[in-house]
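The letters A, B, C and D name the chains in turn, as written, and every chain counts its residues from 1.
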Amino acid sequence: MLIVMKANATAHEIDAVVEVIQAIGFRAHPLPGPTRTAIGITGNEGVIDSRRFEDLPGVAEVIRVTKPYKLITLDLRPEKTIVRVGNAAIGDGELAIIAGPCAIENREQAFAVAEAVRQSGARFFRGGVWKPRTSPYTFQGLGEKGWEIMAEIREAFGLKIVTEAVDESNIDLIEQYGDVIQIGARNMQNFSLLKRAGRSKLPVLLKRGMAATLEEWLLAAEYIMAEGNYNVILCERGVRTFAQHTRNTLDLASVPAIRRISHLPVIVDPSHGTGSAYMVTPLARAGVAVGADGLMVEVHNHPELALSDGVQALTPPEYAQLIEEVRAIHKLMSSPS
Amino acid sequence: MLIVMKANATAHEIDAVVEVIQAIGFRAHPLPGPTRTAIGITGNEGVIDSRRFEDLPGVAEVIRVTKPYKLITLDLRPEKTIVRVGNAAIGDGELAIIAGPCAIENREQAFAVAEAVRQSGARFFRGGVWKPRTSPYTFQGLGEKGWEIMAEIREAFGLKIVTEAVDESNIDLIEQYGDVIQIGARNMQNFSLLKRAGRSKLPVLLKRGMAATLEEWLLAAEYIMAEGNYNVILCERGVRTFAQHTRNTLDLASVPAIRRISHLPVIVDPSHGTGSAYMVTPLARAGVAVGADGLMVEVHNHPELALSDGVQALTPPEYAQLIEEVRAIHKLMSSPS
Amino acid sequence: MLIVMKANATAHEIDAVVEVIQAIGFRAHPLPGPTRTAIGITGNEGVIDSRRFEDLPGVAEVIRVTKPYKLITLDLRPEKTIVRVGNAAIGDGELAIIAGPCAIENREQAFAVAEAVRQSGARFFRGGVWKPRTSPYTFQGLGEKGWEIMAEIREAFGLKIVTEAVDESNIDLIEQYGDVIQIGARNMQNFSLLKRAGRSKLPVLLKRGMAATLEEWLLAAEYIMAEGNYNVILCERGVRTFAQHTRNTLDLASVPAIRRISHLPVIVDPSHGTGSAYMVTPLARAGVAVGADGLMVEVHNHPELALSDGVQALTPPEYAQLIEEVRAIHKLMSSPS
Amino acid sequence: MLIVMKANATAHEIDAVVEVIQAIGFRAHPLPGPTRTAIGITGNEGVIDSRRFEDLPGVAEVIRVTKPYKLITLDLRPEKTIVRVGNAAIGDGELAIIAGPCAIENREQAFAVAEAVRQSGARFFRGGVWKPRTSPYTFQGLGEKGWEIMAEIREAFGLKIVTEAVDESNIDLIEQYGDVIQIGARNMQNFSLLKRAGRSKLPVLLKRGMAATLEEWLLAAEYIMAEGNYNVILCERGVRTFAQHTRNTLDLASVPAIRRISHLPVIVDPSHGTGSAYMVTPLARAGVAVGADGLMVEVHNHPELALSDGVQALTPPEYAQLIEEVRAIHKLMSSPS
């Protein structure tokens, strides 16, 4: 951390800052400059609250130099993480596809969609059994009844099951019947849930929060990893902005930004990232072209009758067309130029 | 709900929309206009997913008319809710003050701050024992050890204890030792937690999420009320925007906006809402002037040594000055003109 | 426009709204519903200020049905607009490339970059001669001296010249020496400048404003077209959000959103849209994959010495590699599957 | 400026950065630390583009230390600027009130409103004659015909005339007939217009842009001052965020933030800052309570028939009530406690 003093800071003010630094157990390094003095801080292993110094007399600005994350960084692990789920993987160079309905509604719907997912060559089936819904009066998911259907699909189609956990008890059930724990955008900073996921043996798919900076998102991954679970997949699903032509603004620049900092795989969700079926395929293409390791896509056999998020779900034929298009782009990008 | 058809929608497309409406159990009311047809939907008791119709052929736009909340509305309860906590209250016309440190650090700190809070005439003491922190490597609160200190303060100073719950087990403890359950911004859409709070007998202070629209915030309150707990206090604490001169952008217009829709009391948190001590008092004055029922303010006896959020905490003398200023404005506004 | 009355609105309040509608010259159509009355408005040719009715007694909500734009719409012109600039074009199915330095700095720099642009097969050369800079103390462009260099490049390389106009007198000069008038993000709602551009014979490249909704952006295009100039190219260059890992957040969903509404061609600027050279190529690929008609890219022979925006400029070899990658994606997308 | 090198940066990479610094004429000061090296830059009088170094090999981060503005700062002028307009003033400790209709529509309307403004004791009359409107099809102002009416009002009521200029020729007319040049939010970075205003003898009221950071806003003021015009009044009018219950989000924290940096007076516009009449008075109170030097308020004798922005205009009685309330708060805050 670097503390920049005001141009007119007194020697006494500089000394006072040095004393506070020492009082909390760190070393202070005053660096007098031509017009102002800066004070470096060393000796901190973790992170210092950068705002602790901002109101001391004579301080102009406090600048954080050390990044607050460790385990997610390329410094720690220069090669990319491959998350393996049985014989499937995310981050191994193949394009990982996670597809399925927003929510499991009944056996017929789930099987129809799973059949389309399997035919596309995807290895992961997504489906919500507990739905975090903005209103208490809308469909909240089938709950444990949904698990019976999911277990059948896993068995019948050989697909890996990805399901969102909304509380700690959910994780117990996913550990029993599923393959990947999804942490949704609304729970990205539910630190109790992150810690519980960090103690699981299953991989964790961590969606970006609606208003999360890159740093906050990576620190949420760090929470999981700090508990010992290194199998984290990041998922960009759009952020909240003033724009009204989409439900969220898909921030595809987060993919190269993460690549520069972290070894974790990152996928893109163009369904939640746009909220409209007609945009899903173009943004899926863009997600693959920007370099994502995979996609998460909502598919429904009857989107117009879906109990949740129908408007953003693709029909099985639309989904098949999407897969064909994104595979071609991925192949192009993987081949030596 | 109103479905606006495109200018060139065919009769067949209009019929198809009508059929979907009927298939999900509602009544359709086509309203032909000079240039386009609109179709009204009635018969829905709860909320229809407005996006269900957006991709049907011929549909230009879907417009939601019914608001998705009920219990929070002035329609349901025209008089303002007063939340009573023993002999203290929020929403009764007096200015409610909730003050205390961000986190309970030790007995000496907590008692020094509690003394300042009591002297100011405030009735509520805030203090975190479990802190939701962005980084896993920063101070996470004293945990249950903090409760011993809180229980002593409650006894010694007669202050009501307001503490944030970050998971369901926290609520059990607050029910045992505290007075008001705080749900923090990061958990505003942690629906499991909201439902648990809704089953509590204690009042719930619900902070606005960092990227929450007014509607999402009110629906989070609706989640609590739908479980039977009507004692909800809303707390504006700023939202995330592009602005960088503050930690959050305090959206004071939410206060009159809520007043227009809801009977619930609303308070303002100028400490988290700005993130800088020098801004807390001016924004506290503004919060009272805009009509809030109360304030939540961070106070620390040694802000420069605080283990969390020191930079936004006021010293006891600064806090005493703030209280004097906001009381004067509140008195002015309460007196007949 | 549709005015939704409150559930408890009186007949008198409904009549008063009807009278206001008639007083401003329109027709009112009360539509009584099961729980509340809505009032349709017809007879307006242009746009009514939707907020005019919001504060009348008994009004719950005002809903705009008619969109405020006309000329930009597919309703008016179902086939896509192709903007032709001599023997070059934007929107004709080929991928249009506009490349060059942020600012013309000197003859040597401009020629070195122009050579790279020509070799790539691009048809358009961009280069600023007047730079809108946030600070008055930074390089403001060469001004008219820059034009001599631009004129030479146009002659020597056969490239079409795209330059930003920051005031009306600039447009006079572009009309004399250039080929395409660029309106920058900061001037997207400089309506005097838009009107002047609308009276020009040259095509206009209209960048999206930093905080512009899709509707505001399309209305800015409508301003130009309303003056008679139908050759408008839209350019997505990112919007301002809370995200800090990029200079702007590139909103690629605007491309399919525009396609659904408008016949105008749309290109993507991954240089300003990210602000960092290492992100330009991935986002350029994404821009082509999402379906843009072209790209605008910053190239500099010595980015580290550039007088403006050096950090986001590609070197000529990086640029050549980008062109190869995006051409391959574009070819893939254009070929029949 | 401070350049932080990566932990594993080589001596060669550090040297290369030093060379670039020297190549552009500055001095480099390598500061080796325990884990990484930082390099200070001195010798720059103006501002260096902070992004020039970000892509050099081995660079982790570039940190700007020097602020890019000068003339607006308290460093330059420690006492507050008082803008005097004849016998009226803004920033002199009295609460300055600028009130009037959004647009001058006709003589009868303008005079009715001016009478209300005068009676309130306000010294400034606002009224648009050229209106920057989002759509080309809505009322664009009376243009020069409006000036006749404004001139009469100035004469008849002794009010100072504040009008928005949307291009340079407008400023010529304001200089002839008006008293204060307003630069609107959409033109905050129309640098040609700012420079022209900077060459005027009239004071300039500079509204904050819809997506302007504090720094950008202050730099826009710096543009005006750099041309020699030191009479600049800043006006907070809300910024664009995701929130939908208001037209803009009024960022009242900008008032104390500016006070900390700048000597310029700052006023608040609760009319545009909220967009709804029912919110104007509470936010006006908040604006005064937060410490603004004045308010700008829209008043219309028949808001429901206004040709622009009717919904946010107060009626004369509502306005009179607002003035009474804000004067009481201002008096309270000005009196010694």
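Here are a few things to note about the model shown:
In this section, a residue touches a chain if its C-beta (ideal position, glycine included) is under 8 Å from a C-beta of that chain, and two chains touch if they have at least 3 such contacts.
What you see is a predicted model; the values in this text were computed from it and never measured.
Judged by shared residue numbers over all numbers used at their interface, chain C and chain D contact each other through mostly the same positions, with over half in common.
With chains reduced to the mean position of their C-alpha atoms, the one farthest from chain A is D.
The geometric centre of chain A is 38 Å away from that of chain D, both derived from CA atoms. Chain A and chain B, compared by their mean Cα positions, are separated by 26 Å. Taking each chain's centre as the mean of its C-alpha atoms, chain B lies 31 Å from chain D. Residue positions 211, 215, 239-242, 278 of chain D each touch two or more of the other chains. For chain B in complex with chain C, the residues that touch the partner chain are 2, 4, 7-8, 29, 31, 33-34, 36, 38, 40, 42, 61, 63, 65, 75, 240-242.
Taken in their complex, chain D has these residues touching chain B: 211, 213-215, 239, 241-246, 249-257, 260, 273-274, 278-279, 282-283, 285-291, 324-325, 328-329, 332-333, 337. Per the touch definition, chain C reaches chain D in the complex via residues 20, 23-24, 46-47, 49, 51-56, 68-70, 132-138, 166-168, 186-187, 189-193, 209-211, 215-216, 219, 222-223, 226, 239-240, 275-278, 303-306, 308-312.
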